[in-house]
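Beneath this line is the structure, given in structure tokens, with notes to follow.
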Amino acid sequence: MGQGLQLMALGMGTVFLFLGLLIAVIGVVSRTIHAFEQKAVDGGAETGINHDDLLEVITAAVQQYRSDHPRHK
Amino acid sequence: MSSFTDLMQQLWLTTGIANCSWGQALMMGVGLLLLYLAIVKQFEPLLLVPMGFGAVLSNIPIAEISGPDGLLGILYQAGVETEMFPLIIFMGVGALTDFGALIAMPRTLMLGAAAQFGIFTTLIGALALNFIPGFHFTLANAAAIGIIGGADGPTAIFIASKLSPDLLGAIAVAAYSYMALVPIIQPPIMRLLTTEKERSTRMEQLRHVSRTEKIAFPITVLLLCVIFLPTAAPLIGMLTFGNLLKECGVVDRLSNAAQHEIINMTTIALGLSVGSKLQADHFLNLQTLGILLLGLIAFAIGTAAGVLMGKVMYRTSGGKVNPLIGAAGVSAVPMAARVVNKVGLESDHHNFLLMHAMGPNVAGVIGSAVAAGILLAVVGG
Amino acid sequence: MSSFTDLMQQLWLTTGIANCSWGQALMMGVGLLLLYLAIVKQFEPLLLVPMGFGAVLSNIPIAEISGPDGLLGILYQAGVETEMFPLIIFMGVGALTDFGALIAMPRTLMLGAAAQFGIFTTLIGALALNFIPGFHFTLANAAAIGIIGGADGPTAIFIASKLSPDLLGAIAVAAYSYMALVPIIQPPIMRLLTTEKERSTRMEQLRHVSRTEKIAFPITVLLLCVIFLPTAAPLIGMLTFGNLLKECGVVDRLSNAAQHEIINMTTIALGLSVGSKLQADHFLNLQTLGILLLGLIAFAIGTAAGVLMGKVMYRTSGGKVNPLIGAAGVSAVPMAARVVNKVGLESDHHNFLLMHAMGPNVAGVIGSAVAAGILLAVVGG
Amino acid sequence: MGQGLQLMALGMGTVFLFLGLLIAVIGVVSRTIHAFEQKAVDGGAETGINHDDLLEVITAAVQQYRSDHPRHK
Amino acid sequence: MSSFTDLMQQLWLTTGIANCSWGQALMMGVGLLLLYLAIVKQFEPLLLVPMGFGAVLSNIPIAEISGPDGLLGILYQAGVETEMFPLIIFMGVGALTDFGALIAMPRTLMLGAAAQFGIFTTLIGALALNFIPGFHFTLANAAAIGIIGGADGPTAIFIASKLSPDLLGAIAVAAYSYMALVPIIQPPIMRLLTTEKERSTRMEQLRHVSRTEKIAFPITVLLLCVIFLPTAAPLIGMLTFGNLLKECGVVDRLSNAAQHEIINMTTIALGLSVGSKLQADHFLNLQTLGILLLGLIAFAIGTAAGVLMGKVMYRTSGGKVNPLIGAAGVSAVPMAARVVNKVGLESDHHNFLLMHAMGPNVAGVIGSAVAAGILLAVVGG
Amino acid sequence: MGQGLQLMALGMGTVFLFLGLLIAVIGVVSRTIHAFEQKAVDGGAETGINHDDLLEVITAAVQQYRSDHPRHK
């Protein structure tokens, strides 16, 4: 019983500490991300990989392939 | 085999009539009752159907389906003793959960924290039961029983298999049964502890949460867990892994697998395995009755603590937080959030609290994983 | 390794040319033949493709793929020796089977009972073969061989792995091959034993079966099995579990998993595992020839017994039961029912027996599981 | 051989007994269910959980959520 | 447990702060870096997300997730030590691969052969590193490192787990990282070794390949492997098995299972398992640096050898083969083929080489499986 | 090192031999299949199992079943 009460004090304390800290960290992370995303929008973000290019290539390849293979439907 | 009469006798000796004990018959009845609750009352059917069926199978005389060479026994050894099944389910839960509501309103984590009060009260209750002759719960037993108050099936099974494998059957039955009974257990407590005015509180719409925030969330939770509570890392690790698969957007194949085939297969296997622990000789005793009673108390106290913390937030926020959402802090996702929504609608027919209750609801999952980590750290594991 | 010549020699010594025995080459040919039958003739491809490929893989010299550390050896140990794979497949079969036709016309269970005659006749046949020098079938061997007559793959593998693991390869090959050959084996027997008038019998439409009846059915079957024949409980238990998942309507996620991913994955693994038992040194012997012969007899006698029981029901019902549907009692679901339909159409171009044949067809599955339980109870297991 | 014949007698006997019993029990179960279902229809069955309510709640919640979040499409 | 202070101390002693070594912190950073590359840069995310997350999990102090009783440790033992996971992935790869381009233009197999030069050069490089103090690579180590040059993840993991389990983590990281970096590593080498005129070569359209040819292909490859190189049979066997499931057209259920649920589940499990080998005490050493360097060389030399063989074919074919497609011979399917297409378009905006590059690309998979078989045959396995 | 060079010679030799042989065999197999398929087309191939029959049977059975069960929708 005494053990149980100690465990409760320690346990609930840690749970509140841990989740309280998580609240704080989520807040910091969210603000950081918002600041970064705002900057990216302002400065004109670049996405690194250009998917449009890749898509274009594949589409063209498929078209050529199809035009090359008219007899197989 | 000498004569036809001998043959018939041999066959007779393998019939159920000649071998079935009253305990086995009773436990098969319990299995059928679980099936009835699951199918007709639709109480947590995804787990109770396999578990109820597993209970019937494991009490069939002669067949030894739960024995070391039987199918359920093999599944239990391979997946529950190793803790693989609950961890894999947790990955699936992570892949199915949208933490957006929690990220938009992180202070609702406090509600998920408060609801863990049920765990530790129940732990004390289990130790207190030792004053009654016939109960001999060790601290590890008490901790495993307390975790029922976490209202989270995989966490309960994970902890029970580590701290009290003998009680696993009763603990799992209690955890899933009361999760199924959340719509019956919670509303009276919620109404008792709140005023009509509090229950009518409308909450602001949640802000938009960006994809980057959702990707950062599982990693943040995991790192905090690494720094402060590594004993919770298996549970938190798999939960956040599943969630990262879902949110990162580049591995949809794997995310789909975690949300569907993996969790479905593991749910069947886990349900049957847990059912295999409902064998008459392990289940039918005073301990089980105590556990069922304590589990009910755990849910009630967890709910009450959540609602009371909700009232605190109602005050400190100047009436912007509806205290009902505190009840969702026990987890029991998504049932508890739906119950909050329903009770809220009783007071104001246009007040939909479902989205706001999802925050504390998923916070409760993290909260009980943290509580589980503490129990493992202190009680041993 | 001293010189380049030594290296070359070492490489040469690991080639197939330097190591392949005639037996292995022959068995790879058998594997390719099974693939041919599966792919070109479409004979039970779902099992024969993995099994045929497994037969090729397990006879590759040096690679030891069926050895204790090889992939097929590991699969075999994990899934067949433990009997997990056939039981999981049975769960999937249950989840895929609609017992409605049987519930609507329960007396067709008699046809499923009669067809088990093939099992016991073959058992006697196997014991009779012992009079020929070179055959030494024990009672357990004979029982495992007899079960081929059940025309049910998972049941045959389950029983063989319990009673005669050494004969498992030959028994599985016989069971699946003859199931594939049902459209060739059955029609002549069906025509021989029935008159044109009998074959032209039209049957009444089946009554509607309610959802509640369909839910009650698997539980009823399981409870009867518990009371009278617990040794059949693993098979019957998993079959009825799968069927309950399908019919209960509240766990569609799990039912879908059982019907698709679980049964598909297990079918691949089971096929490869069984293929691993087609190694030359275990398979190429007189016993195998005997088993293949006995299996054919088993199917023929099972079909005949089913049709004869059909004739009895034709009489007792006053000509309301078409005796052809008795042939479906051997199981081989759904092939045998289709064969009944086809033979029936030969006599009357508007007489569709498919639905009526599904009753005895699924009754045959239960019937051979019951027969399997009896063999386990009496012969040991 | 003798063993085999005994086994056949016992086995086929049990198979017929078991499946015969199953025929009887299926008949009883079906009649019971029909009687029960008939009574339910006559007496106006109640289903316990009201799914329409739940559906209505969720639909309304979704609608409110959508009307609250117009900018994110 | 005597007093509250003791309890707090016990809890403190289980925190990450009190237990985390610098090495573990660093390796968690490496795990996060892999996640960053996978999610933001989209480098091989299907493997790098689980692997990066596994690296974080396995370096959490106290939790022992990679220990013999931890989830990742259990997955590693069950799936990597037994070589099941890479073989199952190979089955999935087979079921996902269309060998049509290769069957239409079989001589591109020469390009897949030439690219294996990277494997053997790297093997020599690893032995040469032994001249530097601190390196002690055995022949088996060197062979396992060399296989990175095969640019094929499952093959690398299969060989490393057989020949050098201690180096598996570094080898897998190198293999997958450089596969992800193929779009950066290959183009400069391709441009350096070819002339503008060569790169502008347009190739004839590929002929139609019939279904029968596609069914015959996996069986042909398997039989050649049986005859000449049985040590490669596990890899080639599962690859061709998967491909036969896909092409035979009669087992779509199984083919779909191999292409989706099986490969997805195994990818998650394999990624986590490999991540578990990135523990600080095994990974942070000079060997790992050497392996990362050698892996880069392996990819570069493989690419160069493929392109040079492409130039030979350009000559011998009278300018009908574009030498760029030789670069696809390293495998890294389908990334390398896309790179070929892109570099080709730089010289001629209407020259699409994607289809022609698929031939050598899948030839590279077979080529490195053959090379793996040779290493196992000669070095032992 | 010397071992390594030997291994390279042996290894690359075997790789080229194996894949070279595969080129030859694929060629032979493809030609055989083409010859066979040509003959099949010329001679009027027979497919063994008549799927149309089966399909017809099943369709008819379904239709009859439906016409027999009008009350259950």
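Every chain is named by a letter (A, B, C, D, E and F) in the order it is written, and numbering of its residues begins at 1.
The definition used in the following text is that contacts are C-beta pairs under 8 Å (C-beta built on N, C-alpha and C of every residue); 3 or more make two chains touch, one makes a residue touch a chain.
On a predicted model such as this, the values are computed, not experimentally measured, just so you know.
Chains that touch both chain A and chain C: B, E.
Ranking all chains by how far their C-alpha centres lie from the centre of chain A, first place goes to C. Counted by C-beta pairs in contact, the busier of A-B and A-E is A-B. Two copies of one sequence, chain B and chain E, touch each other mainly through non-matching residues, since under half of the numbers at the interface are common to both. Farthest chain from chain D, judged by C-alpha centroids: E. Spacing of chain D relative to chain E, judged by their CA centroids, is 50 angstrom. Each chain gets a centre from the mean of its Cα atoms; for chain C and chain E, those two points are 40 Å apart. Measuring from the averaged C-alpha position of chain B to that of chain D gives a distance of 26 Å. Rounded to whole angstrom units, the spacing between the C-alpha centres of chain A and chain D is 43. Listed for chain E are residues 1, 7, 11, 42, 228-229, 261, 374, 378, each touching two or more other chains.
Counting partner chains per residue, chain F has residues 3, 7, 10, 14 touching two or more of them. According to the touch criterion at the top of this document, the contacting chain pairs are A-B, A-E, B-C, B-D, B-E, C-D, C-E, C-F, E-F.
Touching chain C in their complex are the following residues of chain B: 1, 7, 10-11, 14-17, 19-20, 28, 32, 35, 38-39, 42, 45-46, 49-50, 53, 56-57, 60-63, 65, 69-71, 74, 260-261, 264-265, 267-268, 272.
Note for the complex: chain C touches chain D at residues 103, 106-107, 109-110, 112-113, 116-117, 119-121, 123-124, 127-128, 139, 142-143, 210, 212-213, 216-217, 220-221, 224, 228-229, 363, 366-367, 370-371, 374-375, 378-379.
Note for the complex: chain F touches chain E at residues 1, 3-5, 7-8, 10-12, 14-23, 25-27, 29-30, 33-34, 36-37. Interface residues of chain A facing chain E in the complex, by the touch rule stated above, are 3, 6-7, 9-10, 14, 48-49, 54, 57-58, 60-61, 64-65, 68-69, 71-72.
On chain E, the positions that touch chain C within their shared complex are 82-84, 87, 215, 219, 222, 226-231, 233-234, 237-238, 241, 244-245, 248-251, 253-254, 256-258, 261-262, 374, 377-378.
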